[in-house]
Amino acid sequence: MKQSIHVVVWNEYRHERRSEEIAKIYPKGIHGAIADYLRTLPGMNVRTATLDEPEHGLTEEVLAETDVLIWWGHMAHGEVSDTVVDRVQASVLNGMGLIVLHSAHFSKIFKRLMGTTCNLKWREANERERLWVVDPSHPIAEGLGEYIEIPHAEMYGERFDIPQPDQLVFISWFQGGEVFRSGCCFYRGRGKIFYFRPGHETIPIYHQPDVLRVIGNAVRWAALPHGPTPTFGNVKPLEEF
Amino acid sequence: MKQSIHVVVWNEYRHERRSEEIAKIYPKGIHGAIADYLRTLPGMNVRTATLDEPEHGLTEEVLAETDVLIWWGHMAHGEVSDTVVDRVQASVLNGMGLIVLHSAHFSKIFKRLMGTTCNLKWREANERERLWVVDPSHPIAEGLGEYIEIPHAEMYGERFDIPQPDQLVFISWFQGGEVFRSGCCFYRGRGKIFYFRPGHETIPIYHQPDVLRVIGNAVRWAALPHGPTPTFGNVKPLEEF
Amino acid sequence: MKQSIHVVVWNEYRHERRSEEIAKIYPKGIHGAIADYLRTLPGMNVRTATLDEPEHGLTEEVLAETDVLIWWGHMAHGEVSDTVVDRVQASVLNGMGLIVLHSAHFSKIFKRLMGTTCNLKWREANERERLWVVDPSHPIAEGLGEYIEIPHAEMYGERFDIPQPDQLVFISWFQGGEVFRSGCCFYRGRGKIFYFRPGHETIPIYHQPDVLRVIGNAVRWAALPHGPTPTFGNVKPLEEF
Amino acid sequence: MKQSIHVVVWNEYRHERRSEEIAKIYPKGIHGAIADYLRTLPGMNVRTATLDEPEHGLTEEVLAETDVLIWWGHMAHGEVSDTVVDRVQASVLNGMGLIVLHSAHFSKIFKRLMGTTCNLKWREANERERLWVVDPSHPIAEGLGEYIEIPHAEMYGERFDIPQPDQLVFISWFQGGEVFRSGCCFYRGRGKIFYFRPGHETIPIYHQPDVLRVIGNAVRWAALPHGPTPTFGNVKPLEEF
């Protein structure tokens, strides 16, 4: 086991700087709230990065030292440079974990890795959400009850246009009548990807303990060891014939 | 493609004979209602079988001619003989399709094929259910809208203790706050298995057109061709060494 | 069931026009050989399209009428226009089947839909390949023996950098010591995708009956009905709260 | 993370006591060889149990303290009591990891958990086996090269009659022409199951470092935390209606 997990919490960080109301909920930004929580866990080495930094804070050097990258974005997906998307995709395929939160379902990097539109239904009505654990064998669900209840949530509803997850951990129930695959694990290359639905800029969801717990569990899961680096291309036979 | 699909609709057939109220809803039994629907479809050769027939109506001869077996049971799972369960399991592994309805989640044959308890939460409160299509690539969802609404349903809730389905077609929303994986495909041996949640002896769900449509689609899917019969045991090398 | 399946066999069609040796094996092109076979099957309406036609022969009109698209390419993947790739991806997500053959693992459309590099090991040594059926429940394996033997094949070896297939039908054994996931099903959006490994421009593999049979089976599978067209975006609640 | 993983290595332990040749290879039994290796790893608390002990050494008390159970059996599967099989199944569904080795594919507990025959092809010809890593994202493949080579192995060939693994980590190549899904992960209930093919009583495979490494990795993976204990049965609504 690794002594320390290097996490980067990435945030678009626009809403919090433009709206006083949002800044009150997340005074250090969404990235700051998540990073503050992760720093309370043993063995986490946490830094943050944001869209408006040079190379969005995700240089080759930063990514080379990152075990797990957490991604939150919403209003500025289109401003993320394709060069950085290429770089993050290559890092994931080479073993970096990636945790994609809420509205980042529409981020360039998630769409790139899924190969689908990642589209969904949505509604802002502050309704109740209940995330049911449907895979109790999964380490991401450690320490939870049978469901997480979020009193006021933006709704995301099926059909969620993603490949069938390799493991489906949570399914959400919404007061308005919809369901959603809310916690989805994907394996791509040597990397582990977790999409987690909860979170919105106008709601203090990233201060809710069980939501934070899932993010912490997901970091540990995504940082698990991986197998060998594959080699590709023209090869000689291993057997004579 | 086969000219004709041979279907057997199996029913425990106890509730309908013991309760006048239930007999009014299903005067020919649940098997009769489903069989009557399937007979309206082209290319279906439909028969029925019930628990109290000799060998439960599922002799070697009957199974040998069956492409798809539909199974409904509830109060008498324990009376199904292990010999017949062995026989049905062997038939499924050899390519017969199996459609498991509602309370048959607790049938011996389903538990045998899943290897788990198949337990779940339940409630009889005549609440609203909405089955969302989460895999629109699947032929079982052909001809439906984005969801099926059932006005009055018994609730089944997660955790549903089954292996992760090979394909998950429907997720149910319930008025009382639960979700359920309601349409689950499994491949076992050469056989195809579909678990479909809706249905209850006191509710006319098997007269609802979109529920029947799913059952008909599932029969066609489960009757799709399969691959070669595997051989097992001691074999000679195919290559010299 | 549909009365007729509309298939387009797409081929880069460069090797066959540049090399006399290759032209002898595939005088009508690889697309011609596959199309000729499919035309012998009942209910197939077959046309072809190639890279050097306007819009590569894949106009909006052509795709709108296509149930299943078969894709072969090798030396000119980079010449396929991104507009056409966008169009084919949208068609697949909207329900068109896609069968990706051999060296088309590196086609833009396959990489786009997978989200990974789709890289692999390879060797041209005319060695023996044996494709074992590992999922005998699958309609794509209908009518085959327990394996397909290809006397002289280009080798493709693991690690094959794709997402875990939703269903894995074939695994290849190679004389030189490698294995490969040779028949892989993926569900994306409303569409069904099948990657099938065999085939090379200098080897008459697309004249081999069991290889052609798999392609025919795959066309029928990829043309199976699909579920409803999802709607996306902002929605009103279905339940009052 | 847990401070210590409690492992029980279970062995039928008959071959080693009946054959001098086998006893020379495994003087402490196969269980002893594996336990000795695991004891060299940090954080492992290892004990053994065998068929001829009372309750096969797997009392309720022992299982209650076990995080991961390793199972080897071959000639005496039928002597394992159904009571103990029931108990082990319940423990797995409640979160105990289970690692099933080689000929234990035919053990009662593995067949019970799979729901299929678990049959396969086999040959004793001391041929070469190469286990290719096909999922380099998996922690079970940590520290390996791209394949494990076993100089002299009993062959196991497809069709292996199991459900499609939830994750497929290794595929074996055999000199005689067959392939095999050699490293298969399954999630059942709260438990994690790993089937690993290598190993035979007459071959010193469990002294080979990379084979042992996989077993150690698998123990750590199977001991990962799991989610909540589900409750089942009749429940009250969470929402008013």
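So that you can tell them apart, the chains are marked A, B, C and D in the order they are listed, and the count of residues begins at 1 in each.
In the analysis below, contacts are C-beta pairs under 8 Å (C-beta built on N, C-alpha and C of every residue); 3 or more make two chains touch, one makes a residue touch a chain.
Source: prediction; values computed, not measured.
*Asks:* Just to be sure I understand the contacts, which chains border both chain B and chain A?
*Replies:* Both-contact set = C, D.
*Asks:* Given the two chain pairs C-D and B-D, which is bridged by the higher number of C-beta pairs in contact?
*Replies:* B-D
*Asks:* Hey, which chain ends up farthest from chain A, C-alpha centres compared?
*Replies:* B
*Asks:* What whole-number Å value describes the gap between the mean CA coordinates of chain B and chain D?
*Replies:* Computed from C-alpha means, the inter-chain centre distance equals 32 Å.
*Asks:* Between chain C and chain D, tell me the centre distance in angstrom, where each centre is the average of that chain's C-alpha atoms.
*Replies:* Measuring from centre to centre gives 37 Å for this pair.
*Asks:* Going through chain A residue by residue, note those that touch at least 2 other chains and give them in order.
*Replies:* Answer for chain A, listing residues that touch two or more other chains: 128, 130, 133, 135-136, 146, 157-159, 164, 166-167, 175, 177-178, 187-189, 230-231, 238-239.
*Asks:* Contact residues on chain D for chain A in the complex?
*Replies:* Interface residues on chain D, with respect to chain A: 1, 95, 128, 130, 133, 135-146, 166-167, 169, 175, 187-192, 217, 221, 224-231, 238-239.
*Asks:* Residues of chain A touching chain C in their complex?
*Replies:* Residues 89, 93, 112-117, 119-123, 125, 127-128, 155, 157-159, 161, 163-164, 166, 175-178, 186-189, 230-239, 241.
*Asks:* Okay, in this complex, where on chain A does chain B touch?
*Replies:* Result: residues 130, 132-136, 146, 157-160, 164, 167-168, 171-174, 177-179, 181 of chain A touch chain B.
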